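Take a look at the structures below.
One chain, subunit A, links the two complexes that follow: it is found with subunit B in the first and with subunit C in the second.
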Partner chain A sequence: MTMLLALGRSAIAALALAVLASIAVPASAQQPTQVNPTASSVKEDQLFRQMTRIDGRISIPDAKEGVLIQPAGQSWRQFHEVTLPWIGAIAILGMLALLVIFYLTRGMVRIERGRSGRTIMRFNAFERFVHWLTATCFIVLAISGLNITFGRQILMPILGPNGFASWSQYAKYAHNYLSFPFTLGVVLILLMWIAWALPNRTDVEWLKQGGGLVGNKHPPAARFNAGQKIMFWLVVLGGAAAAISGYLLMFPFYATDVEGMQTAQMVHGIVAVIFVAVMLAHIYIGTIGMEGAFESMGTGDVDLNWAKQHHPIWVEQEMAQSRGASQGAPAE
Partner chain B sequence: MQSFLAACAAAIAIAVIAGYVLDSTVQRPSSSAYTTTGAEPRS
Partner chain C sequence: MARMKFLCDADRCIECNACVTACKNEHEVPWGINRRRVVTINDGKPGERSVSMACMHCTDAPCAAVCPVKCFYTTADGVVLHSKDLCIGCGYCFYACPFGAPQYPKVGNFGSRGKMDKCTFCAGGPEADSSKAEYDKYGSNRLAEGKLPLCAEMCSTKSLLAGDGDVIAQIYKERVAKRGYGSGAWGWKTAYKETIAS
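Up next, the complex of A and B:
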C-alpha cells in the first residue's frame, strides 16, 4: 500500500513537472519555424505570401477551374473596383473641365479673314467614310465600355436592377461586335494617312508656337499639323492596344492564363479611359473649338481662307499640283 | 452626310457578320464548353 502511494505521488509529481515545463517554455519555441499552410492558425495573408495560388486536381475538362484562390486576383479586383474608376473619372472629368475653361478663356478659333466663298477639298469621300466608321464605332464602344466601369454606380439607381441588366447585356453585345469595324477603321486610318503623319521640322515650330491655340499666331503646317499627327499616333497606337487587349478578353484563355487576362483588362481599361479623354479634345477642336473645322469631315470641302490660315503649306502644295495638272493638260 | 450614313451602315453590317461568324464557329455555350461529355446537359 505504501509502495502504491509512493508510486502515485511520483506520477503526480512527474505530471506536475511536465505541466510546469510546458508553461515555462517560451510560446515561440512551440511554433514551427516555418509557416505551415495547412494549419488552421495560419492567417490568410500569411498563406497568400507563402503560396502563389491554391489549386487542386479536378475531373472536368476546364483545368483552370482547379485554381481555388489566386491571390493576385485581389490586386486586380482593387484595380477595377477602385483604381480604374478614379483614373477614368480624373481623366474624363478633368479633360471636360479643361475644355470648358479653354473655351471660356480662348473662345472659338475664328477664320481671321472671314470666309472667302471658295473651297478646297480637304478629305475625299473614302477618307470621310473611314473617319466616320471609326468615330461612330468609338462612340458606342466608349459608352458601352464606360458602362462597365461606372454603370452600376450611375445608371443602376436610375434604370433599376432589371433595366440595368438588360441595357448592359445589349451594350456588351454592341461593345464586342462593333470592335471589328472599329479595328478595321484604325487599320485603314494607319494605311491612309501615315504618309502625312510622319514628323518633320515644321512640327517643332508648330509646337513651339502652341499650334495657334495659345496666342494669335498661326504657325504653318502641311496637310496635318503636329497636333493632328499626335492625334493620329494616339488613335493608331491606342487603338491597337485597346484592340489587342480587348480581343484577349473577348476570347478568354485562348492566348493567356489568368494573370494575362487580368493584365489585359488593366491595359484595356487604362487605355480606354485615356482614349475617351483624348477624343473629347479632338471632338471639341473639330466642332465648337474652331470655326470651319467640322466641314472637313462634314462635306469634305473647307473654306480657302481657313485652309490658308491653318495649313498654308498644304494649300501651296495643292495649288502647285493643280497648276501643274492644268499646264500638262492638252489644249482644247 | 452620305459618308457618315455609309459608315454607320458599314459598321452595323460588319458587326452583324462578325457576330454571326463568332456564334456559329468559335463560341460555344458554357453548358457544353465547361462540362464533361458524360455530364453534358441535353435538351
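Up next, the complex of A and C:
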C-alpha cells in the first residue's frame, strides 16, 4: 500500500516537472541570453544627481542610521570651522571695540544734578534675584559654550590636551545643567516685566532723540525706556531661541534627524555669539557706562535724581501712587 | 605604508548582516551601538542594492576637523582613531561625518550621550597595542597582529573589502571589468575624494 502511494506521488511529481518544463522552455527562449542586472541597479553617482543625501532601509532600531551618505556634513564642518568663529569673533570683539571707543568719547553718563541723597525703590528683592539668577547662569553658559567654539584655539595650547579635555568635560556639565535655571530665569523675566516692556508712543520719541546714552537730551520714559524694552525682548526671544535649539542639541535625535541637528547647532551658535555681544553692551550700561545705574540691580534703590533724569514718567507714577496711598491712610 | 580603506561591492552584498554581527562580537560592542550597519537602497524595488557601511577612515577627516577637544588622530596606515579619555561626548563628529559612523552610548547627562565609539578598522586606540585597557575601550587590535578587519575577512560573498586602498581598488576594477557592471565604490568620492574608474 505505502509502496503504491509513493509510486503514485513520484508519478505526480514527474508529471508536474514535465508541465513546468514545458512552460519554462519557451519563456526562457524569448529572453535575451545575457541579462544585465546592473541596467536597473541604483548607482551612487546617479542618486547624488537626484538628491543631496542617500537614505535606505536598515534592520537596526536606530532610525538615524538609515542615512547612508550625507555630504552635507562637509558644509556643516565649514560652518563650524570657519563661519561661526568669524561671526563670533566679529560680533564679540567688534562690540568690545565699540564700547571702548564709546567710553573714551562719551565717558560715564553722570547724574546731572548730582545725588539727591534720597532714594526710590526700582527693583524689589524677587526681581533682583531673578535677574542675577539668569545673569549668573548666562555667564557660565557663555563661557562654557564659547569654550566649544574657541577653546581649541585659545585654551588648549595653554592647558594641554588632557587638561583641556577635563576642563571641557566640566564645562559641558555646567552648560547642560545650568540651562535649566537659565530657562526658568528667562520665563520669569518674561512674566515679571512684560507689562512694562510693551512698546508705546513714548518709545518713538525716546528713540528719535537717541535716548539718554547716545543723545544728550533726556527724552521722557516710564519704568523702562525704549532701549530697555529692546533689551527685554532680545533676552526673551534670544533666550527662547537658545533654549529651543539647545535642548534639541542636548536631547539629540528625539525630535529631528541629522539635518535638523546641524540646523539646531547653527542656530544655537549664531544666537549665542550675538547674545554675548548684546549682553556686553548691557553690562557696560549697567556698570561703567552710567552713574547710578548699577544700584537698581544692586541694592534695588536708586537715587531720586537719577530716576528723574532717566525715568521721569515712572517717578511721577510712583509719587502719585504713594501720595494716593498716604491720603487713603487714616489720619494719625 | 599602506593606506587602509573599506570598499563595499554592492553588487555582491546580500544583506546577510554577518559583518555587523562579527564586529559586535569581536569588539564586544555595547548594546545599542553599531559600528557597522547594512543599508538597503530601493528596498523591494527593481535594482535594490545593499551597502555595508562603517567609518570610512576619511582623508582629511571631517570628524577630526570639528572635534572641540581634538581627540582624533590618523595612524601611519591612514586609519582614523580617537581617544575616549579626551572625548567629551558633544556629538559634533556625528553631524560632520558623511557616513553616520560615530556612535554614543546612552550614558552621561540625562542619558543622552556618553563617550563616542566607532569603527577602529580593528586597530584599537591610543593605549598600548593589544593591552587590556585598549581592548576594554576600543575592542581588539587585529591590525597589530597582522590581520585585517574581521567584517571583511569573513564576508561570505567577499563583497566587503578592507585593506590597502590600491589593492582593493584593483580587485574591484577587475571584478567590474570581468562581469561588465558595477554600481560604484560607494562613499569613495566623499571619503577619499577619488573614484575607481571602471
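One rule holds in what follows: the second predicted complex is superposed on the first by the 271 of 332 C-alpha atoms of A that agree within 3 Å, B and C clash if a C-alpha of one lies under 4 Å from a C-alpha of the other, contacts with A are read in each partner's own complex, and residues count from 1 in each chain.
In this text, a residue touches a chain if its C-beta (ideal position, glycine included) is under 8 Å from a C-beta of that chain, and two chains touch if they have at least 3 such contacts.
None of the values given here were measured: they were computed from a predicted structure.
Engineer: Regarding the shared-chain residue A:S245, is it in contact with subunit B (first), subunit C (second), both, or neither?
Structural biologist: neither
Engineer: Considering only the touch criterion stated at the top, classify A:S59 as touching first (subunit B), second (subunit C), both, or neither.
Structural biologist: In the superposed model, A:S59 contacts both subunit B and subunit C.
Engineer: Who does A:Y173 touch here: subunit B (first), subunit C (second), both, or neither?
Structural biologist: both
Engineer: Just subunit B (first), just subunit C (second), both, or neither: which does A:W76 touch?
Structural biologist: second
Engineer: Which of the two partners, first being subunit B and second being subunit C, lies in contact with A:S144: first, second, both, or neither?
Structural biologist: In the superposition, A:S144 contacts neither subunit B nor subunit C.
Engineer: Looking at subunit A, does subunit B or subunit C touch a larger number of its residues?
Structural biologist: Between subunit B and subunit C, the winner on subunit A residue contacts is C.
Engineer: Does the superposition put A:P181 against subunit B (first), subunit C (second), both, or neither?
Structural biologist: first
Engineer: Considering only touches as defined above, state whether A:A125 meets subunit B (first), subunit C (second), both or neither.
Structural biologist: first
Engineer: Which residues of subunit A are in contact with subunit B in one complex and with subunit C in the other?
Structural biologist: In subunit A, positions 59-60, 62, 65, 173, 176-177, 251 sit in both the subunit B and subunit C interfaces.
Engineer: Please name which positions on subunit B make contact with subunit A in the complex.
Structural biologist: 1-4, 6-8, 10-11, 14-16, 18-19, 22, 26, 33-36, 39
Engineer: Which stretch or stretches of subunit A touch subunit B in the complex?
Structural biologist: 59-62, 65, 125, 128-133, 135-137, 173-174, 176-178, 180-182, 184, 251, 298, 300
Engineer: Residue numbers of subunit C touching subunit A in their complex, please.
Structural biologist: Within the complex, subunit C touches subunit A at residues 10-11, 15, 17, 20, 32, 34, 37-43, 46-51, 53, 62, 65-66, 68-71, 85-92, 94-100, 104, 109-110, 112-113, 180-187, 189-190.
Engineer: Can you list the residues on subunit A that touch subunit C in the complex?
Structural biologist: Residue positions touching the partner: 36-45, 47, 54-60, 62, 64-71, 73-74, 76-77, 80-81, 147-149, 151-152, 156, 161-162, 164-165, 168-169, 172-173, 176-177, 249-252, 258, 261-262, 265.
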